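Before anything else, here is the set of structures, which you'll find just below.
Across the two complexes that follow, subunit A remains constant while its partner is subunit B and subsequently subunit C.
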Partner chain A sequence: MSSEHESGPFGVTDLVSDGEARERFWFGLRATLLRSNPVLKTVRWVLDHDRILVTGEAGLGIGWMVIFLVAPILYIVTLSFWKSAGAGVIVHQFTLANYQAVLTKDVDLLSLHVGNLYLNILWQSLKYGFLVTLVTLVVGYVPAYYLGRVVSRWKALLLLFVVLPFWVPLIIRYYAWILVLGNKGMLPTMLSVAGIQNDGFLYTEVAVITGLVQVLLPYMILPVYNSVEQMDASLIESAKTMGAGPVRTFYEVTLPLTLPGISAGVLLVFILSVGSFMAPALLGGPSNFMVANLIDMTFGSPNWPLAGAMGVVYLVVLFGAISLFNRFVSLDEVFGE
Partner chain B sequence: MDNYVEVNGVTKRFGDITAVEDVNFTVAEGEFVSLLGPSGCGKTTTLRMLAGLETPTEGDIRIGGETVTDQPPYERDIGMVFQHYALFPHKTVGENVGFPLKMRGVPSSEREKRVAEALEMVHLPGTMDRSPEELSGGQQQRVALARALVFEPDVLLMDEPLSALDRVLRQQMRIEIERIQREIGITTIYVTHDQLEAFSLSDRVIVLENGHLSQQGSPLEIYEQPRSEFVGDFIGQSSKLAGTIGVQDGESVLTTDQGTTIRVGDQPDFQDRDAATAFLRAEKLQITKESTGDANELEATIKAINYLGEKTMFFCELETGEELIVSEYGFTSVDAYASGDDIYVTVPSADTLLVPGDGRARELSA
Partner chain C sequence: MSTMRDDYYWSAITGVTGLVYLFLLFPLLVVVIVSFDPTKFPTFPPSSISF
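Entry: the complex of A and B
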């Protein structure tokens, strides 16, 4: 280096700007703190007892699961076997009445009599979940594929656009759909100008599914994008040189190789859509109830044991649906062995 | 057919970058041609245009008399071997090799027979039900070769097929490729940056420089008659002396800018006062302790000695500061020499390779 750099006592200090000096101060302070006796002693003690470290690490993970997953579920399961004495009073006495009500009785709610309300609504939720997943897959695969294959300096920006909606609170996005789909909303108005008579789409199945598709699309795009990107581009080229046109290349090479991403996306979107609460509450009408809304209402009615039983049945059915999916697509492959 | 593959004035631009510019060459039926050059010279782009994976910006490509310039790869009848094999990881070896046949609607019974034959040809019988990932790199490349040949394409294209293999395997595969190509006589275009691969495999070598075709010819022609400084530099190992042609005692000599004079033999392509660069192939120079009295002898000092087993490299410096690299094969008296020794280097005048000093390519008189 040239001689001017050697002027100060620490080599380059004289040339350092204020910002650098400040940075250096904080860096020094941090170093001093980290090297202080209490910190060093603690670290050394933990390092000397590596069994504690290992147990601690595993324990932390297990503890986390117990506190945030196992305990709440166990509470709900317990709750579902207790008696409700009406008006929100829970009697701590074992009963199967809640399950009997959920699975066999016509539930009276808001004076609606539509057979077994719970099972009907559960079935409707699964149906909506299936439709949303299907639409998201078809609509999401194209941008995911494009993002995975494109070589462009705008790619990072495009990926940002995919996750950008996450920055807008869910409720605001659904309200935005109300403005678009409502009977004096943007879409119905445009359609009537074009001569197509309609009463708007709000409070319909279409509205619920549209809202869910828009909200859940990133959960499909991102895993599919990831698996497209990991695919070696020369595989597609080699398929083409061997005589496979675009369509055959897609189903012989691209589709099977992106299956892990598709499965991950399908699973995520299906689980999230079946359990969605806000979309049917804001965009759906009384006939577009989904299971989360029903459970919420039952909790509020207030009949906690009955709501608990509804939750447990929902959990079991969803688990069954995932296992069924697992039989067709090995999830071990999706999430690694 | 002498011009089975024709590349006519082909140029490829990617935005502002010109990868290939006005390249012309033909390949005869059954011929093995290498595209040789350093990375970024346009050899892979040229191959990809032959495959249909890129479309030329200008010019046209003909295969078997048919213009294929704008044809997509799947409508051409070409087999291609990729650098990293490009085997389908979700298909078995048999399914991989059978893929081009399946795409051509060959019924599965016949397909199985032909796949077995192709695997036999690359010495991998009985691997049909294995996953490509279970095979070694060399075996994977054999599968890729079988897959590119199983449908008997018009042309075989190979893009640095050996670069992912280690040295020993590379040599084995090189011999394999040569054997198979001779056996079935398929027209082959092979891309490499490795002189050894290009020379050992090819009937003809095409050297590309910076998107341009620099020189083409048999390996012997390329090595013994480089037409430009680039080819002289890229092929083989030489010392380079730049200077001006003159006449001394009725013989052509090259006087370098530093004042060294060497006899360059009979050089009908060069006139008095022409600027020229001489390439002195390292293996053609001789090193001696005592003067041999040869008219083309230069005094030099050894700067470094590299003993490499089959040959020994001497890095020498003339008094003028110009460097000479000398390699001696089967040299056993290496201990007799040390760095700093003053020695004599003999330059056989018939073995100096001259190229024009102004950067132009030399028009070969032959």
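Entry: the complex of A and C
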């Protein structure tokens, strides 16, 4: 014998409550609309095909790189093969003369033979880059180690102090060094009082390197600090327990474990220091010019194709230096690949 | 377990860290002090102070 509900005109659907029926009605209506609206249908189709979304995301990233990185470099490369007709006029004719001038042309300044100006300045830039990186590593490793191992409620504040210089514009920091290192600045005055006669340190190699080290120090401290903090502290304790002294523990445990941070810091500081423009312009003299200053002067001369060729040679040399670095320290390991 | 030698090294690391912080923040300190210099061409340290 069947109940009243089961024998009703709608059979089993009679068992469904009013609320559920309303919900089903709206769900059906939404589905019908989705099927009928071409825009919504397209959106639904895209959402159902994950690969399209992934391709779209990758396309956005690649497009961004092409527009803002590859295209400007390609333009500079193209520019470097065009002719300059003087006074900023560019003739769209293929030539290798710019590269010939960059790589082989000797220069005489005020009857003084200076050889190939570009290659000399490029060599000087690489030398400054190496010195700045070395000093920054030696000076920056100790605070990075301290920050990574210290247990203190002031740690966040100490980390903030490392990035605090970024809050002050670069040019103001360099002007501060002009006041300190200049002829009547604090440091020369103090040295004079101590009986060491000097003419100040401004417009010298020391000033350029000091300014660059101070500015680039956070780029070394932060990656090394990150490596020190990720290091398993129990390994140091184990080394000590097994009789290793502090120096041996450092060379055999701490240093190898912090190598990824050191490599990242070295790479950042080297690239930024070799391409530095403001430090040699403000703190150095004409003899301390770096490659960015020479390229800037050539753009202003105005000989854009020649400046383009200088830029391309600089890129190739820097790429070679990084590849050489990669042979000793695998960058894949540093960046976690 | 911390030994006396460890304490000595840690004190040295703390001291060097303090010096590096001084070097890192020195230009900022100079900028703040020079901002009180009344002259057109400031020197460091300033000869007089003005608000």
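In this section, the second predicted complex is superposed on the first by the 278 of 337 C-alpha atoms of A that agree within 3 Å, B and C clash if a C-alpha of one lies under 4 Å from a C-alpha of the other, contacts with A are read in each partner's own complex, and residues count from 1 in each chain.
Just so it is clear, a residue touches a chain if its C-beta (ideal position, glycine included) is under 8 Å from a C-beta of that chain, and two chains touch if they have at least 3 such contacts.
As the structure is a prediction and not an experimental result, all values here were calculated from the model.
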Where does A:Lys184 make contact in the superposed view: on subunit B (first), on subunit C (second), on both, or on neither? second
With the two complexes superposed on chain A, say which partner A:Leu257 touches: subunit B (first), subunit C (second), both, or neither. first
Is A:Ser234 touching the first partner subunit B, the second partner subunit C, both, or neither of them? first
Quick one: classify A:Ala244 as touching subunit B (first), subunit C (second), both or neither. first
For A:Ser17, is the partner it touches subunit B (first), subunit C (second), both, or none of the two (neither)? neither
Touching A:Asn37, do we find subunit B (first), subunit C (second), both, or neither? neither
Which partner, subunit B or subunit C, is in contact with more residues of subunit A? C
Set intersection of subunit A contacts, subunit C complex versus subunit B complex: 240, 245
Per the contact definition, I'd like the list of subunit A residues that touch subunit B in the complex. 232, 234-235, 237-245, 248-249, 252-253, 256-257
Sort out for me which residues of subunit A touch subunit C in the complex. 139-140, 142-143, 145-147, 158, 161-162, 164-165, 168, 172-173, 175-177, 179-180, 184-186, 214, 217-218, 240, 245-246
Report the residues of subunit C in contact with subunit A in the complex, numbered from low to high. 5-6, 9, 13-14, 16-17, 20-21, 23-28, 30-31, 34, 42-45
Enumerate the contact residues on subunit B facing subunit A in the complex. 51-53, 72-74, 76, 78-80, 82-84, 86, 88-90, 99-100, 103-104, 147-148, 151, 157
